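You will see chain A twice below: alongside chain B first, and alongside chain C after that.
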Partner chain A sequence: MEEAAPKPKRAVSSLCCLCNNRKAALKRPKTLQQICRECFYEVFEEEIHQVIVKNQLFRPGERIAVGASGGKDSTVLAYVLSELNQRHNYGLDLFLLSVDEGITGYRDDSLETVKRNEIQYGLPLQIVSYKDLYGWTMDEIVKMIGLKNNCTFCGVFRRQALDRGAALLKVDKLATGHNADDMAETVLLNILRGDIARLSRCTAIITGEDGPIPRCKPFKYTYEKEIVMYAYFKKLDYFSTECIYSPNAYRGFAREFIKDLERIRPRAILDIIKSGEDFRISTSTKMPEQGTCERCGYISSQKWCKACVLLEGLNRGLPKLGIGRSRGLDSEGKRETIGSNNVHTRSIESKQCGSLDF
Partner chain B sequence: MDMTLILDFKCSGGLELLCNSVKIHNVSIDPENGVGKFIMKDLLSWVRSNLIKERPEMFMKGDTVRPGVLVLVNDCDWELSGQLDTTLEEKDVVVFISTLHGG
Partner chain C sequence: MACNSSACQSNCYRNQHDEHTIEQDSPPSSRPDTPAAMEARRVITKDDNSNTNLCFKCKSKERMSTSGVGDDGRFCSDCFRSNLFAKFRQAVTSNAMISPSDKVLVAFSGGPCSRVALQFVHEMQVKAHNNFEASRDRSLQVFGVGVAYINETAACSIPSDEIDKTVQTIQSVVSSLCQPRKNLHIVQIESVYSSNLNDGREKLKKLLDAVNDVTGKEDLISYLRMLSLQKIAAENGYNRLLVGTCTSRIACHVISSTVKGQGYSLPGDVQYIDARWEVPVVLPLLDCLAQELNMLCCVDGLKTVELTKKSSSGINDLVSSFVALLQVENPSRESTIVRTAGKLTPFNFSRIPDLNESNNVPLATKRRQQRNNFKHVNSLSSESFCAVCNGPLNTSDVLTRHAGSSILGACCSSCQFQILPKDSSSQELFLSLLPPSMVARATHGSLGNSNSLRKKIQEFLLSDDEAES
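Right, the complex of A and B next:
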């Protein structure tokens, strides 16, 4: 459309629909509202506060570790939690907990970001490394096993590493930066894999209450777009590079599908989470029983925990040990793995970046 | 020949890796169709053929950015300014942020 004025009219001049005063800076995916930066900060933080209060994620006096990868989600989480802790007197002692997988050119750089965050937010940092815990770095593991299944090793090891780091810090709970997009993606993946046990618990906002360190997800309902916008507007210091080792293609497709849906109908993300929450698993479905690993004492539904099986393979030079996909749930899926352990393993894969696990 | 448009183009969130790891590009563009206005759609095809050095599918899907790539024009979400139809002017700052890397 031709405009008479020399400057073409732009839609950006629209006002924030909350304060009706300042210029709108973004469109909220959740509500489709056009809002300004200041109102955005307010609703963004307030919604997370409400999620924390409504779900009783924290109790006064608790020590809380934020799982910090240096990426956008955990950086924003650390920042927002320390803000809310002060503003609303949660009475929490906050810590940063990072895992050093030993990936040169990736994790060493992102850990530098976390070290800056430690200073910027004044939160003590604990780093636990695969090398110290398991005797292997991911670089060494990849050198031995190649670029297939490496994400399985990394995902399994990270879960335990975070628990061990949390124990070192003597925290009561671990808060992770999983966002609404991650949640929707995981619901979808668990359906695609027929993983009923995970499907039934993957949307829980607090998990592992029966285990050593419960975990919670304050960003469960927070859209990735808003997290990235928040980090951008606030100029938060975060690190964003893909892991240098091969990405998980299956998860990648699920993620892309979610993003395509979001573009057409942003609510889709919240609706998928809702579907995940409301699934009822029939009582005739057999669920794996939880016990402890005979070797290291970590929680496990098998004789040995997955990390011990994987480590045994690495140390014996049989890295395929424990990699086969078989689930104890359906008989046709029963497949014996190498060795005498007859361990039924379930595939655990992490987000492309390798920093998420459910 | 005073139709040359000078823009700042920034990419982050991992997208810079597709452009030789350069985050900030100061670019001058001569709109092909002469007098017509220059819109985001034109910029995207210009960026794709001039700045993206590898894996264009990480940046574009169809004739727009890949879902999960956020676009801001002068620090304003392009969803408020008409997305592909957003008109660009001299000295505008266009920011692309990928949300697809890292957590």
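Right, the complex of A and C next:
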């Protein structure tokens, strides 16, 4: 019914359709209801609370790291989680965890944002840097391999860096800022690629439960537009520049398609996620057996973990080593095949690495 | 191949290198620039060229002049045709779509896909007919073929001259096909209601007016079209309904179903056989791209006609243009999408029912089925279906549904959103406007639902009484 909803002119004097009390200030992207700011905050936070409760994302007393890039998703996540933690007595110890890839002009600035957030929200911050972990910054890597495939390095390294940072903080879980738009995009991309195994698990709200540190996505059903709106109205301090090594990463076919869909029918994003959850996929697809990397001890299905293979290539001056084989650790399936797709000027996927909203 | 001239300024490293070695080997006078060497080279390149113009398969005829899609450009027109027909025949035989005793109704819209489907079925029938004539005792049966066209004037406004032209073309196409004769059924879409067309037209108009969503209306019309086809098939004794759905159409369907939240029921729509209907539906062109079928129509001069389609602001059109864009970027994208959906676990109805029991099925087919490891499920499918779209219902969805409201309980969440009215009073009106076959599905469905659900939770129920819940 909401399709191409004919909302002629913004009725300035209309009241919020939730509280019927205050003046409507915005049209909610998810439902197109005209509501006031206060009600928006409430439904936004309450929905996330319900997702957390229904899916039992957290247990009382757990230590939770919020993957914080300084971008909008992770900033709003950190803010909302600390609010909800107090309001509903989750009993969580929250931390901020950032990865410093060493990208001058991008990450150094966004890290400043995260450092301000540390003070604003009173959450302890841990930064792990590629330089410390691997001996290479992204700047140095790009200088060596060029702009092609650099997202592969960044993606593989980040995944491990997050786990290592989480281990340093001794947290039980890592919460990431993936939103509903990201989820819908991943579902579509896995269909377009024919990746049935990843299609079956890409909609899971908690992943990596067999790994060292499980990850969860409290924003699984939260629209990107609402996150932006929330950050805007709450005047949250976030950093909105794109990665300098992957500019226009947002302009993927799939992303544009989802934006077009949302315009016609806002519910489509949730429907794609629902389809992804409902797909009948026999669970017989075998998962690679999990072992540990002989070199660094990180989980790996191969002798060496992907990061060590890439690192070996870098250190031996053979940066192509390990690129092109995309079977590996990543259980989300989104970041791994980046390298090969990055070659096209306009690929089907977006947000190849963009910000740090893993 | 770059240049031979030593004055070349571009980076033809290989040529420079070649020349260099030749220079070393031979005196300058016999450099490859001599007329003889030039001639030899020219012959080679000429030969190369003529090779590339020959068909990739038979290597004797010229390739098709049209710039082909994917592999097609490399075939001559004969090999291209036989390649397409082979895909069709493979789908028909390996899924036992048509057996000699069958009567097949071909759904023909006038478009290229169904035109090719009709042509291929016709060719198959002619071959079977020839065998019949040739056999001494005339024991070989020939399957029967009929053609159906659904006139949708009542559902969407179409100019009368256009519809007249379409009907004429369809009649001329069907009558131009040689023996055996094919019956042509041209039926109004409002016939889903009853034989009284005026009454039906009124009801249909009201029904469609009750749907506000553009996409919902489009989808409802396509469901009604299927019902009309089923009705024709059932009333005229056909036992197969053959549709020309091709890879490209299915690829769009996969994406749009995903977008509409119909992920659960999707696997039922992407298999070669869809036997959830009274008359099983078969899709023998599932492996053919729309571009290929278009090209065959061009090459063979098959007459097609299509109504001018108004572009809509709905989801279906958006998805089509998205898939078309992806197909341009990667010519195998549509096939990949269809293959992904093909890997989803199919439902029980994705095969011809009681294949093994019936004696009419040729032994060869049975053997093939066994070889292909077709799972034979004896039990009837416990699936219950959406009253509107006939998609299988997800049990977890059914559980959360209000059992009280008859129509709501019998519809999938996608149809509830995009087709059903929101408030309960208009819902009742809507229910009264639905064609009888959908209403039957609704009442049967909701009963079947609660029974099968009850069976599932039987051991946890303390009393047999329904009333207290």
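Definition applied: the second predicted complex is superposed on the first by the 304 of 358 C-alpha atoms of A that agree within 3 Å, B and C clash if a C-alpha of one lies under 4 Å from a C-alpha of the other, contacts with A are read in each partner's own complex, and residues count from 1 in each chain.
In this text, contacts are C-beta pairs under 8 Å (C-beta built on N, C-alpha and C of every residue); 3 or more make two chains touch, one makes a residue touch a chain.
Fair warning: this is a prediction, and the values are worked out from it, not measured in the lab.
Looking at the shared chain after the overlay, A:Arg255 reaches chain B, while chain C stays out of its contact range. By the document's definition of touching, neither partner reaches A:Leu168: not chain B, not chain C.
Residue contacts after overlaying the shared chain place A:Met229 against chain B, while chain C stays out of touching range. Within the superposed three-chain model, A:Cys296 lies out of touch with both chain B and chain C [touch as defined at top]. Of the two partner chains placed by superposition, only chain B is touched by A:Thr241; chain C is not. Of the two partner chains placed by superposition, only chain C is touched by A:Ala268; chain B is not. Legend: residue contacts after superposition of the two complexes on their common chain; A:Ser74 is shown touching chain B, with no touch to chain C. When both complexes are overlaid on chain A, the residue A:Val53 reaches neither chain B nor chain C. Note: residues 260 of chain A belong to the chain B contact set and to the chain C contact set alike, using the contact criterion stated above. On the side of chain A, the complex with chain B involves touching residues 7-8, 10-12, 14, 23-27, 34, 69-74, 110, 177-178, 181-182, 224-225, 227-229, 232-233, 238-242, 255-256, 259-260, 262-263, 351-353, 355-356. Of all residues in chain A, only 1-4, 187-188, 190-196, 199, 253, 257, 260-261, 264-265, 267-268, 270-272, 274-282, 344, 346, 348 touch chain C in the complex they form.
Of all residues in chain C, those touching chain A in their complex are 212-216, 254-255, 257-264, 266-267, 313-315, 318, 322, 325-326, 329, 333, 336-337, 339-341, 343-345, 394, 413-414, 417-418, 422. Residues of chain B touching chain A in their complex: 12-14, 17, 37, 66-68, 70, 72-77, 79-82, 86-87, 89, 95, 97-103.
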